[in-house]
Amino acid sequence: MPQLNVRGIAFDEMAGISSALIHELAGICECGTDNFTIDLLQTVSVFDGRQVDTYPFIEVAWFERGQAVRDRLAEAITRHIRAAGVEDVEVAFKVYRENGYYVNGRPCGE
Amino acid sequence: MPQLNVRGIAFDEMAGISSALIHELAGICECGTDNFTIDLLQTVSVFDGRQVDTYPFIEVAWFERGQAVRDRLAEAITRHIRAAGVEDVEVAFKVYRENGYYVNGRPCGE
Amino acid sequence: MPQLNVRGIAFDEMAGISSALIHELAGICECGTDNFTIDLLQTVSVFDGRQVDTYPFIEVAWFERGQAVRDRLAEAITRHIRAAGVEDVEVAFKVYRENGYYVNGRPCGE
């Protein structure tokens, strides 16, 4: 955690920015880079009866760290994604509660 | 947004109903059809030691619009999915908060 | 429901433990085994510019049943996954509200 769950962005685009992006996000969160994961969800999208490109979307799953940190993460993610050549992107945060998140069976909070 | 994140329904089934479905959902939400996305998540399902068909499931990710709109959306989605030949389907709503959802780096609320 | 949405664990590993796992989870939840689904989400993961194995992660989507049941489910899932040869695994719970979850168009709560 945080997890970046990505749709609609190509592997090569994501791979090219992954080092610099995660380094910056880790600085904002004041944690190690190895806390982050980037998973590209495989999707097929449809609109108006035909297959279309999946809209670029990144869901960040994390423990709540407040609006200021959230804004900075979203800004950094958006900037890196756009630098990779993706014009429009949406970023949404999904909150896990510490007492509902288990690492090797142990909850992260009470 | 709203996003329809679909599992266990074939591309052709979804494509065949997509135009009429999104048109009706946009009417209920009083927004444009281009606010909607339909992403089919690629899954492999297992039960009792063997591969099985993925259970038809649609998660609607949205900003909360209240029970009346939610009920109408769920009814419309279910009706179209069944018209496509899928007998049983479950629909669940996932709520994003406006201040945790960013379009090109700008939050949708405060 | 509950749904087990799995990333980073191979089909054969999951298939091999699926019967015993779901039997135990159903006992904890005091419901039938056929309430459960196991969906493996197809992902490609990236870190530091290259493709990496997806980190083993299971999201349990359910209606809230409280900390005691949650702890027992997480413990059971972790134990079975580790018995399948996966050393590290994280388990997180996502809560659906009964009035936002529809089975064939009918909400599960008010």
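To keep things simple, chains are lettered A, B and C as they appear, and every chain counts its residues starting from 1.
We take it that contacts are C-beta pairs under 8 Å (C-beta built on N, C-alpha and C of every residue); 3 or more make two chains touch, one makes a residue touch a chain.
All values reported here derive from a predicted model rather than from experimental measurement.
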item	value
Interface numbering overlap (same over half, different under half) for chain B and chain C	different
Between chain A and its twin chain C, rotation from the CA superposition, multiple of 5 degrees	120
Chain B-chain C separation of Cα centroids, rounded to whole Å	21
Interface hub residues of chain C, defined as touching at least two other chains	41-42, 94
Interfacial residue positions of chain C with respect to chain A in the complex	7, 41-51, 54-55, 57, 67, 70-71, 74-75, 78-79, 82, 88-95
Chain C residues within the chain B interface of the complex	1, 3, 11, 14-16, 18-19, 22, 36-42, 61, 94, 96-97, 99-105, 107
